[in-house]
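Both complexes shown next keep subunit A, but they swap its partner, so subunit B is in the first and subunit C is in the second.
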Partner chain A sequence: MDRIGLGLCWAAGIALCLIAAAIVGFMLFKGLQFLRPDLLVTSPVASQDQSKSGGFLDPMVGTLILTTIGTAVAVPLGVATAIWLSEYARPFWLARAVESGVDIIAGTPSIVLAIFGLIIFQQSFFGFLSFTAEGGAVFGRSFLTAGLMMSLIALPLIVAATREALQSIPGHVREASYALGKSKSATIRRVLIPAARPAIGTGAALGMGRIAGDTAIVVILLGATALQAEGSTPLFGTLRGTGSTLTSYVYNNSPAGEGNAPEKAYAAAFVLLLIVIFLNFSIDTIAGRRKMEAAWKG
Partner chain B sequence: MSAPPLTKFARSPRRSGESQDRRTELVLGVLACGVLALVAGMVIFVFAKAWPSFSHNGLKWFGPGGDVGAQLQAIFNSPADPANYVYLLRAWPLIYATILVTASSVALALAFAVLSAIFIVEFAPNRLRRILEPTVRLLAAVPSVIYGLIGVLVLVPLVGNHLITRAQKESVIFVVQLTGNSLLVAVIVLTIMITPIMIAIIVDALRSVPNGWKEGAAALGVNRWRVMWTIVVRSARPAIIAAAVLATARALGEAIMLAMVAGSVAFSPNPLDGPTFFLEPIQPLASTIVINAEGLTVVPFGQTLYAFAAVLLVSAAGLSLCGYAAKQPLKRYGIRA
Partner chain C sequence: MEGMMPPPIRRIVVDEPATVVAAPAATSQTNGSTPSHSSPVSVTAPRRRAASLAGGIERMATHDLSILYGDKAAVKNVSLPVRQGEVLALIGPSGCGKTTLLRSLNRLVELTATASRQGRITLDGQDIDALEVTQLRRRVSMVFQQPNPFPMSVFDNVAYALREQARKRPRKSELGPAVADALQRAGLYDEVAADLAHPALRLSGGQQQRLCIARSLAAGPEVLLLDEPCSALDPGSTEIIEDLIVRLREEVAVVIVTHNLQQAYRIADHVGFMYLGELVEYGPAEQIFGSPQEQRTQEYVSGAFG
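Showing the complex of A and B:
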């Protein structure tokens, strides 16, 4: 009986290794086979002939823009929520409610967030975020709206990481700061946030990985089109316009989408995988540095 | 005569510190409540939008009856006059598909994840462990669309061309076409997708079981496997449940990957079909929304899709409640997970 259990354990462990190796190896093989430099620098063109349909420069730019917007919104909001939850949390019932609110966001499927975003951003109040049609109907799809919804995906990860870090700072560190006559807000700004910075970085990197890897929000809130600017202002026009990301490019070029160009889907998926692996490594580096910095853990 | 300004001046440092404190608390509190307001807004908006679909069908919305694909088509084509909107929908095949694919992949992944986690924590040689842990984290971070791509380009043709026999295809030809987009592939890919998430949580939980308990058992002459199984896994059971809940939430909301591999045919596989059961296509709720996203502008069709979203939202909220409840016993032991 014990031996069977032990054998199953080994089998599961080895199967895990094999599956991981198979996935990474397969993507590496296919990616290197189909990835050509010109795919990275040309924009997609609608064409029946796959040799003329261009590369995925636009989707890469799209992924970059979306990740930037999402992280830029999620980090301040997430850190503020985490600090309030762990340092103030008054009144108690409100703190509990906020806590479970964050939990609910974490559990909500991104497809639900996507179509929720579509309702609120189609209100005329948010018309400035996307483009408005002749009759006053707001389109609701743009980099800005998609980025705002993406920030909700990253938010719970950042809140969790920051709270964990704040809770691991011992109380006497705070008391030492108060003893020097610092106010609570100065303590938060000068002592707690610097100490939690590596954790915030880890949370943000995790969140960026999730944003870069999400497809449902892109398909519904970004339109998964080529970069199409709205209006004449150069940067803001792009942000108000629709576009695509690597994930939606992969989806559209797979047999499930319209494009059906598996080679390009593989190449784009490979680039996406590289981005995710890079983010993962940066988490490891951040986490490694944290161990050295936390002197009071001794 | 200069008394008031002096008093004010003398007290100002402390008071500014205090008022700044109060301001910080207020700003942080308002931001945190903003998150809460967002959740409330999400629930209210989604339900308000979904209401017509529920109210026209009543509880039969959840029941079986008729062909969901045809019903959705009829809703999509309903006349522009609001009085004549078509709402008739019996969503059971979609719900059934969601439950089927989620439950079976979570069950498979649970067994696999617990065994792998025990392996990583206790039995793996050090060198293997050093490779395995980053690998698990990497697999947990791989975007679902990549799993979907591998599924649709590798597993689906494999199953479609080699596993499904001609006889099987012919046996159901009048009901549904077997192409390889199937329950089987969906469950396999989904299992691979959610296992790493569970392993990461379970490994943490197994590690946080106090060493003294293990050593105590080992000192009584219990072997390593029994120590792991009877002491460590049992005391980490709440964390394992929490991991399963989290994975269920992920599986429930997985839209893109399932839309790619599961076949996008609103069909409910019949367990009486024998082995063919596993090869029949399905369409869960979340991927129904993605596939039909272009139809959101058609008013009754959009409302129907929002009804699917509302069902998903309620199940997700219920799951996070379960997760919270499952974690409570852990706090009693002082184990954090």
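Showing the complex of A and C:
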């Protein structure tokens, strides 16, 4: 019996390796076949003729903007939540409630987050985040609204990574700081956050990967259109406007979408895969450094 | 007030015969006691220190101090002086309240929610409750059992206590001399001077512990508390730190918890023996190890129970 179990585990491991290799190999093959440098630097053009429909510069920029907004919001929020959960967590019931809240957000499918976000951001109160039509109807779709919802995807990962790091710091390290006459807040700022920094980086990189790979929020909350700025203020205009990302570009150009340009979808998918693999690689680097640093006992 | 009060020695039964334990040799290890005092102390063994500096000033004292965790007393009615110019060692089997007593001196014990205190503690005659706790902890500094440098450079570790103390954050160049001085006093300067930006957690265990001592000294303490500072270290590092402690007693009052009896004998001027939360006997090291007044002290120093 044991041998059969062991054999199954072994086979499962091998199978996973083969699947991963197949994905990378296939995407590498297709990607290198169809990826031309000009695709990376030209904007998409609406054209039936695929030789004139341009590249995916805009979607790449879109992925970058969304990832930046999402991470920029999620990191401070997630770190603050983790610090409160690990270092304060009083009253007890509130801590449990916050914990459950984070778990629920972590488990909510992004399409549900997207629909929810659309309803929220179409309230006139949030009109400044997106485009408001003549009649006063708020469009609700923009880089800002999509980015805010994206931050919810990254948040639980950052909370979990930071919290784990804080809890792995032995109590006597905190006490050493108190024993030097430091307050709790000074200890958090000067000792605990620096100690958790590699973990925060890991959580942020994981979250960036998830944001870059998400499609539902892009389709529903970003419009999956070409870059369309709102208003004339250069940067803020773009952020209030709609756009697309690599994921929505892949979707729209694949045989599943309307674009019917599979070769461009493959090329874009390849670029997306490279971005995510790069993020994972940087996670491993950070985690490796962290192992070297974490040296306290007891 | 200081210097005037005779040390309140407790529970010393005078009319009991002062049994001299000349050479309580090898037959001791009767129960499975802790490895740190594997052989009994011989009173003829070399001591690291010269004779006690004469009549140190009393810096701290506990007066009928009791510490309870919930309703369980961990320290019971302890009165004890801490003098400048000498090393006070607290010895006793594990769980007898040494750490608790030490942590009460800088009010670190208050971080334990269930802990409560009875009795008074004074620093230079002043009740420590009257001091701001952050002030008290700079004056009564502590080094822990496990080396615990902060995850930053050697320099920043030592400068840690100096920063944010002043309203205006001092610049690195202004802190340099103070940091170097603290490292000198902790006997670490020569080893780290070449690269003060080196991450502290990459130092060896013994160097880390000396860095923690330097970090405490930088705050300019009057009393230095050490809780089994060598128990995680190799013999070589232990020896360096023992030398260091003996040198430091001239500038600060030193209280060290150890359950290594040889170590207490080598470095201490006065020794307090604790058992089940009580201070059973307090006196000069020669007395505790050479002619203990109490039966339990004698049994402990001759290795009868761990």
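One rule holds in what follows: the second predicted complex is superposed on the first by the 290 of 298 C-alpha atoms of A that agree within 3 Å, B and C clash if a C-alpha of one lies under 4 Å from a C-alpha of the other, contacts with A are read in each partner's own complex, and residues count from 1 in each chain.
Note that a contact is a pair of C-beta atoms (placed from the backbone, for glycine too) under 8 Å apart; a residue touches a chain by one contact, two chains touch by 3 or more.
What you are looking at is a predicted structure, and each value in this text was computed from that prediction instead of being measured.
On the shared subunit subunit A, the superposed partners subunit B and subunit C are arranged side by side without overlap. In the superposition on chain A, A:183 makes contact with both subunit B and subunit C. In the superposition on chain A, A:81 makes contact with subunit B only, not with subunit C.
Across the overlaid complexes, the C-alpha centre of subunit A sees subunit B and subunit C at an angle of 100°, to the nearest 10. Residue contacts after overlaying the shared chain place A:213 against subunit B, while subunit C stays out of touching range. Put subunit B and subunit C next to each other and count what each touches on subunit A; the higher total goes to B. Look at A:173: by the touch rule set out above, it reaches subunit C but stays clear of subunit B. By the touch criterion defined above, A:279 reaches subunit B but does not reach subunit C.
Once chain A of one complex is fitted onto chain A of the other, the partner contacts of A:32 are absent, as it touches neither subunit B nor subunit C. Taking every C-alpha atom of subunit B against every C-alpha atom of subunit C, the smallest gap after superposition is 6 Å. Residues 183, 186 of subunit A touch subunit B in one complex and subunit C in the other. On subunit A, the positions that touch subunit C within their shared complex are 170, 172-173, 175-183, 186, 190-191, 194-195, 292-298.
By the touch criterion stated above, subunit C contacts subunit A in their complex at residues 106, 108, 111, 133-138, 141-142, 144-146, 148, 150-152, 160-161, 163-165, 199, 201-202, 212, 215-216, 219, 232. Across the complex, subunit A is touched by residues 17-18, 20-21, 23-25, 27-29, 31-36, 38-42, 45-46, 49, 112, 115-116, 118-120, 122-124, 128, 131-132, 134-139, 141-146, 148-150, 152-154, 156, 192, 195, 199, 223, 225-226, 229, 246, 249, 252-256, 259-261, 264, 286, 289-290, 293, 296, 305-306, 309, 312-313, 316-317, 319-321, 323-324 of subunit B. The residues of subunit A lying in touch with subunit B in their complex are 2, 5-6, 8-13, 15-17, 19-20, 23-24, 26-27, 76-77, 80-81, 83-85, 88, 90, 94, 97-98, 100-113, 115-116, 118-120, 152, 155, 183-186, 188, 206, 209-210, 212-216, 219-220, 247, 250-251, 254-256, 262, 265-266, 269, 272-273, 276-277, 279-280, 283-284.
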